[in-house]
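A, B, C and D are the chain letters, set down in written order, and residue numbers restart from 1 in every chain.
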Amino acid sequence: MTRHRYDCHVRFSDVDVYGHVNNVKYFEFYQEARLAFLSSLGRDPEDADSGLVVARIDVDYRRPILFRPEPYAVETWVSRVGTSSFGLQCEIRDGDEVYSRAKAVMVSFDMAAQRSRPLSNAERARLAAVVEPGE
Amino acid sequence: MTRHRYDCHVRFSDVDVYGHVNNVKYFEFYQEARLAFLSSLGRDPEDADSGLVVARIDVDYRRPILFRPEPYAVETWVSRVGTSSFGLQCEIRDGDEVYSRAKAVMVSFDMAAQRSRPLSNAERARLAAVVEPGE
Amino acid sequence: MTRHRYDCHVRFSDVDVYGHVNNVKYFEFYQEARLAFLSSLGRDPEDADSGLVVARIDVDYRRPILFRPEPYAVETWVSRVGTSSFGLQCEIRDGDEVYSRAKAVMVSFDMAAQRSRPLSNAERARLAAVVEPGE
Amino acid sequence: MTRHRYDCHVRFSDVDVYGHVNNVKYFEFYQEARLAFLSSLGRDPEDADSGLVVARIDVDYRRPILFRPEPYAVETWVSRVGTSSFGLQCEIRDGDEVYSRAKAVMVSFDMAAQRSRPLSNAERARLAAVVEPGE
């Protein structure tokens, strides 16, 4: 089992004038799920993104997400491990129903030097342990 | 037991540059809790506020709320039932620790006529059943 | 002229399912205006709140705010200068029309000691120069 | 001149614990710019998205966006006009400096039937008038 599951609780504030969770909020859901996932790999939640930057995110919208008390599942997994970057994939789902899919490119970053840096061996090992190669 | 409890899941997006949940987000937490409470009294979550408007909210800040996986409890209760309005009180807490307290004045509103209207007998009965008079 | 004016640009994301700017967003507007005001008194925008905490905010809602390209004016002024705290008042308006009024209690805070501290003479002087005592 | 320019005013609330505008907010900026752009083509701002859904957005992050009083420019243009969909491209910039680029696929949608529908001739004409074909 290599996919991480985050239970996303929709807020009334996420809903726009059309009665659906606004497009923008999908990225917030993916961000919350990603931070929980990275934290589960052995980082502190507060700086789960420190030393990592999001270089790119692609999001497909498939079905509207509605306000309801029950959470939606956001699954996140590692799809690729490179030299100084890695790929994440994510889905917002409810059982077999997929509401949205996303791919993100995460880059390992030297904050002091303000440039990318190679992933450490420990980082690569943590990521490689849960990789699920895909398209 | 007249207090309603809403489990508020803090998001990374709620946190500001000082590392605390931003002041503004407390009102979002209170709103989510209020809608869940009103819904529990017999309204549909989607239009829990239809026919009700918030006329006033007073919020006291006591302690910073931090990002963490465990939810905070937001308790909401009815503190007063009037002719065309009622009072709500709310607390964000963690066991005995109170992070913030709020009072809201809710006004029953005739959306078509765009003015306040008396609470119906059914509304008054639902509210009176859970009132916990306070300061 | 002691009132500070902040032009608040409403976003589509501020609007809720009822087609109005959501209640919660009024606090965001007040926060943006407050930071701009405090910054105008001689603080850097980025840490305009450092050393100051919001102890309390009371907000009255009067009319719904709608999404539109033209900004709303948020006026902020000092209503009281105390020993270790001061009062702010704010209004969201459009010409003579007032959409919402707010009062905030700001407390001077020693972040290291985690307790309130007296306002410095420089701080008191900056605030006293623009005070407009009110109810 | 086929590019639409939206002046995006950054809010303190957009900034995360790292002192940068949070990744998620870029999508909010793109959304605000897109709605203003579509509105400028002859739609009412309030339902600028009615009959149009976002099917996909890809965002590249290049440089951090910081909180400041001066707005950032968000440029939006039409990159492709299809049968029932069209492509938008967007950039957040400051003079020659590009902070982020995005591509969106917009699908013309029959809300009643809940399926895509061909763009009307009037829609195609409005879009074709400002198309700037690109990769």
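Going forward, a residue touches a chain if its C-beta (ideal position, glycine included) is under 8 Å from a C-beta of that chain, and two chains touch if they have at least 3 such contacts.
Everything numeric in this text was worked out from a predicted model, so none of it was measured.
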If you average the CA coordinates per chain, which chain's centre is most distant from that of chain D?
B
Which of the two pairs, B-C or A-B, is linked by more C-beta contacts?
B-C
Report the inter-chain centroid distance for chain A and chain B in whole angstrom, where each centroid is the mean of the CA atoms.
31
Any idea how many Å lie between the Cα centroids of chain A and chain C?
35
With chain centres defined as C-alpha means, what is the inter-centre distance between chain B and chain C in Å?
23
Each of the following residues of chain C touches two or more other chains, namely 12-13, 17-19, 22, 24, 28, 31, 46
Can you check the complex and tell me which residues of chain B touch chain C?
17-18, 22-24, 27-28, 31, 46, 49-50, 53-61
In the complex, chain B touches chain D at residues 12-13, 15-19, 22, 24
Seen from chain A, its contact residues with chain B in the complex are 9, 11-13, 19, 28, 31-32, 35-36, 45-46, 67-69
